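Below you'll find the structure, written out as structure tokens, and then a few comments.
We just call them A, B, C, D, E and F in the order they show up, numbering each chain from 1.
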Amino acid sequence: MSLLLDVLSWGLLSLGGVFVFIGGLGAVRMPDLYTRMHAASLTDTIGSILIIVGVMLQAGASLATLKLIMILIFLLLTSPTATNALASAALISGNLPKVATQYGKDPSQ
Amino acid sequence: MTVFFGVFLLTLLLIVAIAIVRADNLFVAVMLGGIFSLLMATIFFLLDAPDVALTEAAVGAGISTVLYLAALALTAEREKRHTVHQIKALVVVTTTALLVIFATFDNVQFGDPTAPVHVHVGPWYLENTQRYMDIPNVVTAILGSFRGYDTLGELFVVFTAGIGVLFLLGTRPKKDTEAAETLIPQQSETSEGLRNYLIPRLTGRLLVPIILLFGLYVQFHGEYSPGGGFQAGAIIAAGIILYALLEGETAALRVVPQWMLMALMAGGALLYGMVGVVGMLLGGQFLDYSVLADNPVTGQQLGILLIELGVGMTVSGVLLSIFHAFAARDKY
Amino acid sequence: MSAWAQHLPALQVGVPLLTTPIIVLLRPHGLSWAAATLTSCFTFFIAVMLTVAVLQGQQVQYSMGAWPAPHGIALSVDAFSAILLLIVTGASTVALLAARQIVNAEIEASRQPLFYTAWLLALAGFVGILVSADAFNIFVFMEISSLASYVLIAGGSDRRALPAVFKYLVMGTIGATFYLIGIGLIYLMTGTLNLADMEVRIREVSDQKPILVAAGFITIGLALKAAVFPLHLWLPNAYTYAPVPVTVFLAACSTKVSLYLLLRFDFFLFQPNLLNHNIQFSYFIMPLAILAILAASSLAMFERNLKRLLAYSSIAQVGYILLGASLVSLIGLTASVIHMFNHALAKAALFLCVACLATRCANLRIDSLRGVAKQMPWTMAAFLLAGLSLIGVPGTAGFISKWYLITAALDEGLLGVGLIVVVAAGSLMAVYYLWRVIEAAYFGKTNEGAEIVGEAPLGILVVCWLVVLSNYYFGLAPSLPTTLSSAAAQILLGQVP
Amino acid sequence: MYYVVVIATFATMGLALVRALLGPSVYDRVLAVNMFGTKTVLVLIVIAFLYGRPDFLDLAMAYALINFVGVLAVLVFFRTRAQREPTATKSKD
Amino acid sequence: MMSAIGIPIIGAVAILVVGKISSNARAAVVLLTAGALVWVVAGLLLNLQASQLEVVQIAEIVPGITIALRAEPLGLIFAALASVLWVINSVYSIGYVRANNESNQTRFFVFFSLAIAATMGVAFSANLFTLFLFYELLTLSTYPLVAHKGDESSVRGARVYLGVLLVTSIGFFLPAIIWTYALTGTGDFVTGGILQGHIDGPVVGLLLGLFVFGVGKAAVMPVHRWLPAAMVAPTPVSALLHAVAVVKAGVFAITKIVLYIFGGDFLGAEASIKWLPYVAAFTIIAASIVALHQQNLKRMLAYSTVAQLSYIVMAIGMINPLANIGAMLHIVTHAFGKITLFFAAGAIYTVSKKTELNQLRGIGRRMPWTMLAFSIGALSMIGVPPTAGFVSKWYILAGAIQTDHYAVIATLVVSTVLNALYYLPVIYLAWFGLERSGQENFGQGQAAPTIEHAEAPGLMLIALMATAALTLLLFFFHQPVVQLIERLAHGV
Amino acid sequence: MDWLGVYYYWAFAALLMIGFYAVIAKSNLIKKLIGLSMFQSAVFLLYITMGKIDDGTAPIYHEGISQQIFSNPLPQVLILTAIVVGISTVALGLGIIVRIQEEYGSIEEHEILGIDER
């Protein structure tokens, strides 16, 4: 039984790791602010879910698992909100997404 | 294995440090400062110092970034490229660094248990915490009781900083006073924070109680896991600052009015002092907690709990009043 | 009372420290000043009690929280710290007594409780350093006193105080951090923070290199905070633009406490263990001291602003104190300790006279003080008498330290003659720049614009004359400071085999 | 067992740092800081388990909160700054 | 002895209090204090035997260094001289101040009596430290007197006065004292000297040099500049300065140091101090030559004082009993002679506002009594028999012949001739010169018109005549003073 | 002589250098303050590296832990205090900078000196 758990958590953890790394790559290679934000925040959330669940399997039913759940909730609450606030702030201050201007359409209509 | 992580993180640290010095835009420098202290906290965590990591995170990343930003909002945003007497600085700096390397070069092994540091006083604390206080967190034991006098001094350093900022920023700036009259009637947009940002305000409303709860947890859980007065104070202050950011500074002042902050500041310091004096009155030395209760061990625990509470009160009071002093400056 | 006697060291720091939160909350105007002065007097009273205990030969030790010395924090008061305690608490009480009118004029009522709290915190910081026997604890109290002094200096209405105090903050923090690096390196090699314990364990340390570097760091750090000559750039502006009572308090003790630490660390810790200490000390500190005396005095001679003139003269006097110490002889050290005492007296008196002048005259440039003696005879008389004490005319306190300094220099043979020339040149320059002021005040023609100025308010004048007369009392009957300083010299030199 | 995750997260932290240094506009840097924060939380969780000290998770929890406060603070004060000097050139650095 | 210092201080305070009320009351108080002082000193002088040995200790500064007073003969002579002349000087200055209605007179008299108190302290000091304490007090109390007028020239003069005196005292005198304390452990004046055996070789010369040039008040050549500069002071002050207190304190200090610190026989054997008489001789000659060229009366008197002082230093430098007596005697005779000259100069200035020598042509007929006193004083300076100056020069000459010190004999002769050269023409012109009226008398553009003026005012005249009489009396009755000095010489 | 171990001390020295350079060379007051806090963080790093023992764990007892080697708790206590000292100095420094901005209108040291000369 524990072997199954170990293999499962190892799988989740490495998957989470991969997602996180992809997010990192996305943030660097993407051309424009908003695309980078898109890449980074999405992988952020999925990555944390995978890793934390993976670790929870390792910790089993203990105080640590409760703490892990709390952290997961925090992360799920805070990082998307932060990205949202960031996106709207950038938009208001006139930092237009590159792609929109390329096709000549004025995004404001 | 710690060493490899450490080396990687240290290189990252140095890169960030150089980036901070070279950054022209001060906002950028402050944000990189945030990253700097996050890295610093992780390194501390790697070097088996969770308490210090928590303090560095709460104080370094949280509060100091907020204070820097509040100050930047009032002063210049961009640094004028004017590095004066560069060579002289480089010479002085390299000599200091060489001096330090010369001192620590070959005779100090990283982490070897036989180094004099670990032989003399360190181990005594590890054994005697069990005997005298019977609490798991040795760092809090030393902080609270063995070197309680240091922490009293520390508390008063924070108290002085609070007094100082309130004293300096207490005056209404002369030239702006006339403008201030006109400003007050129509509620200025700035102090309303992110009023029209719906999502952050909602999550904020949800998060602030959790942060405060977590702060209190850290405050009273200091003896079992990394935590204590300073960290708790910082976290509680961060929570209320978050509320101020979201709901606007006046709303935050309504929740925690100025006189309450002053009471918190003075009360915490007084509480700590009185615990020491009571120890003296009951026949022990100054700051001797074993006389506080009939059984010395519970006395020590009670003492540590009280002084951690005092520290938490003062630190949160000071940090909040400093934040309000900066934030209120906008209105003038 | 004897039950409290053994708690004295803790009370000495506790009283000023724990009254600050109470004073912060005192809203009614004027009450905060009264409370602060009362606390300062009570601290002075405790300092006197401690000195009496020390003079009776008691070994005043106190371990905080009843933990044994190397593990807990210990406080110890000996002759050296006793004389400094008297200086610091005395200066603070005197400055506070004279501070009422000026602070009312300069700082609005709502901020005054904060000002007096910062004042008591500075006092508590200084006293904490003097009483503590734990290296890191000294760092903490050094920070309290420095932060509080930055707040005090920045309290004035003169806007130029702000950049001056920022420069002081940066240099002070760098000094404190150098001190921290020094302790860190020592802790690395010896594993303890208690001074007495550290001094014992330093001997067994095999590799002396880090100790040497630590000595270097600590000396530079403390020299920065004590405004020793090349590192003195923050002092003139900080003292000039600070409110006058703050200058009275800081001029009398802030540099002295750092010098106390410098001497204690150098003679107590490093001295017997470093290679040949006299070379390290005399080749390194003595030229700095001589440079300080000559350069700072000459700067003072050409200075127009009265307060900056006295600030430069303070830097020169720090040079005298270091000169005495760098002779590494019993009389030399006695000379340097007693000069700390006498200089504190003389400088406090001079700055109090400046305080009297400040209440009546607009700016304190020398040529705007022409002919002021006719309108303010008592103040200028006090300034004259205090000036004589600074120069070291016989019968004044200044003379005693000059006497010891020259006797100490005489034992050095040929080098001694050179030192005597320097000391003589220093005091003659002092004569020059003080006489420039007195001559302008007494014989200068009052320039037309000056309005009729009355005598200084009685309160400040009485305090000023009190300090001036104590200058002369300790000039004629200096038994107290001499016994204390020779005992201090023995303690410091006790370590040298 | 945890090495894969630790190495991956460290790498992402490195990349986030690159973005922070290069980032043309301030908002890029804010994004990088946010990414950095969450990655540190994850690293701490994993290292806590790597060291076998699960009771250090409070640290990670504190991080998550502090990071959020930090990012929001930047946005608020950056807007106050932009408001006070609308004439100031938009920071396109 | 304590009262000797106490009385002038109490007097100073009394004058301060009374001064505001009325000038007569102030004058009365001044005279009262002067009289009381003379009475006390006389008391000490009479029962010399009893008061000789007891040492009054006032305060112990540092273990081994005390403020102590002792009434030994040398100190007594100086104190007696100072107190007597102070009485006369007070009389004179009250008259002078009234005649010239000087500004803030109270301050003048207060510092006057403080200066006398300091002089008493110097006279009775029992050790080097007390001597230095009162020496500095004397400098500081006379500074306001010199700068009394408060105008630009007097302030500059006072600055030079203070500068030279403080430089020499802090620069040379203090190190010398501390060196003595370091060497011998005590600084007390012991007949026969304390340096015996502690120090020898050229170092003794160096120490003596430090002392001689340290005591700026003795006006030995390089450090004499303050004396002519102090001429800006009103005449009673210059009288006090140059005849009674300041210069005499300087020379008295050197005598005390040479006799009681080095000791006569110790120095006699020492080769390295032979330079002292030659330096003094050089000062005499140079000062006399400079005095020759002086136009201003008071500056001439100043340079003549510099010369006369070096007589005493030269006599002491010869280390022989006869010369010592001569030196002590010269202190007294020169005091009387010079004070008469200054009083006369003051009188002439008060009445006729004349200060330059060439204005004094034919003034004898207008002011016969003043000029008579002036002539007696001048003769005493030259050393002509009926005046006391002759007696002291005679003793110095005898001492020089005894030790066949040819350089000193030569200096004595040459200087007497020089004195004659610059004093006699003044007397001759005053008595026999024709009073030229009108402009050509003041060709050099001095605007002092020949105003009609009679004799000097009454009070000043009395003082003048008193000192002149004393100069003559001393010539005939110098025996008691000599006996007193001899007792000292044999180390009673 | 394990090179990696000494790297911590060299990182401390490098950080010290960077912080000190920023304090001296930069004329912007806020940049000086940031340099100052970096200078202090370097010292914290020194103290904590001192306290680490090879494969020792944090000095907090926990039923679950097996091995008994603990890192030295004392430097951690010292650094806890030093961090809060650092933040207090920064807070006061920022207060002074805000006041300087209001009085002088600039926070560049060379400009402030210029304004004072006039």
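The rule we apply is simple: contacts are C-beta pairs under 8 Å (C-beta built on N, C-alpha and C of every residue); 3 or more make two chains touch, one makes a residue touch a chain.
No experiment lies behind these values; they were computed from the predicted model shown.
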Taking each chain's centre as the mean of its Cα atoms, which chain lies farthest from subunit F?
E
Compute the distance, rounded to whole Å, between the mean C-alpha positions of subunit A and subunit E.
101
Where the centres are mean C-alpha positions, what is the separation of subunit A from subunit C, in Å?
59
Whole-Å distance, subunit B centre to subunit F centre, using C-alpha means?
13
Compute the distance, rounded to whole Å, between the mean C-alpha positions of subunit C and subunit F.
29
List, in ascending order, every residue of subunit F touching at least 2 other chains.
20, 50, 57-58, 60, 62, 74-75, 78, 81, 85, 88-89, 92, 96-97, 99, 109
Subunit B: which residues touch two or more other chains?
30, 50, 70, 72, 100, 104, 108, 115, 117-118, 121-122, 125, 147, 150, 153-154, 157, 160-161, 164, 168, 194, 200, 207, 210, 224-226
For subunit E, what residues touch not just one other chain but two or more?
none
Here the pairs of chains that touch are A-B, A-D, B-C, B-D, B-F, C-E, C-F, D-F
Any idea which subunit D residues touch subunit F in the complex?
51-56
Listed in rising order, the residues of subunit F that touch subunit D in the complex are 57-58, 60, 62, 64-65
Residues of subunit D defined as touching subunit A within the complex
1-2, 4-5, 7-9, 11-16, 18-19, 25, 27-28, 30-32, 34-35, 38-39, 41-42, 45-46, 49, 54-55, 57-58, 60-61, 64-65, 67-68, 71-72, 75, 78-79, 82, 90
Given the complex with subunit B, which residues does subunit F contribute to the contact?
1-2, 4-22, 24-28, 30-31, 34-35, 37-38, 41, 44-45, 48-54, 56-62, 69-81, 83-85, 87-92, 94-99, 101-102, 106-111
Give the list of subunit B residues in touch with subunit A in this complex.
194, 197, 199-200, 203, 206-207, 210
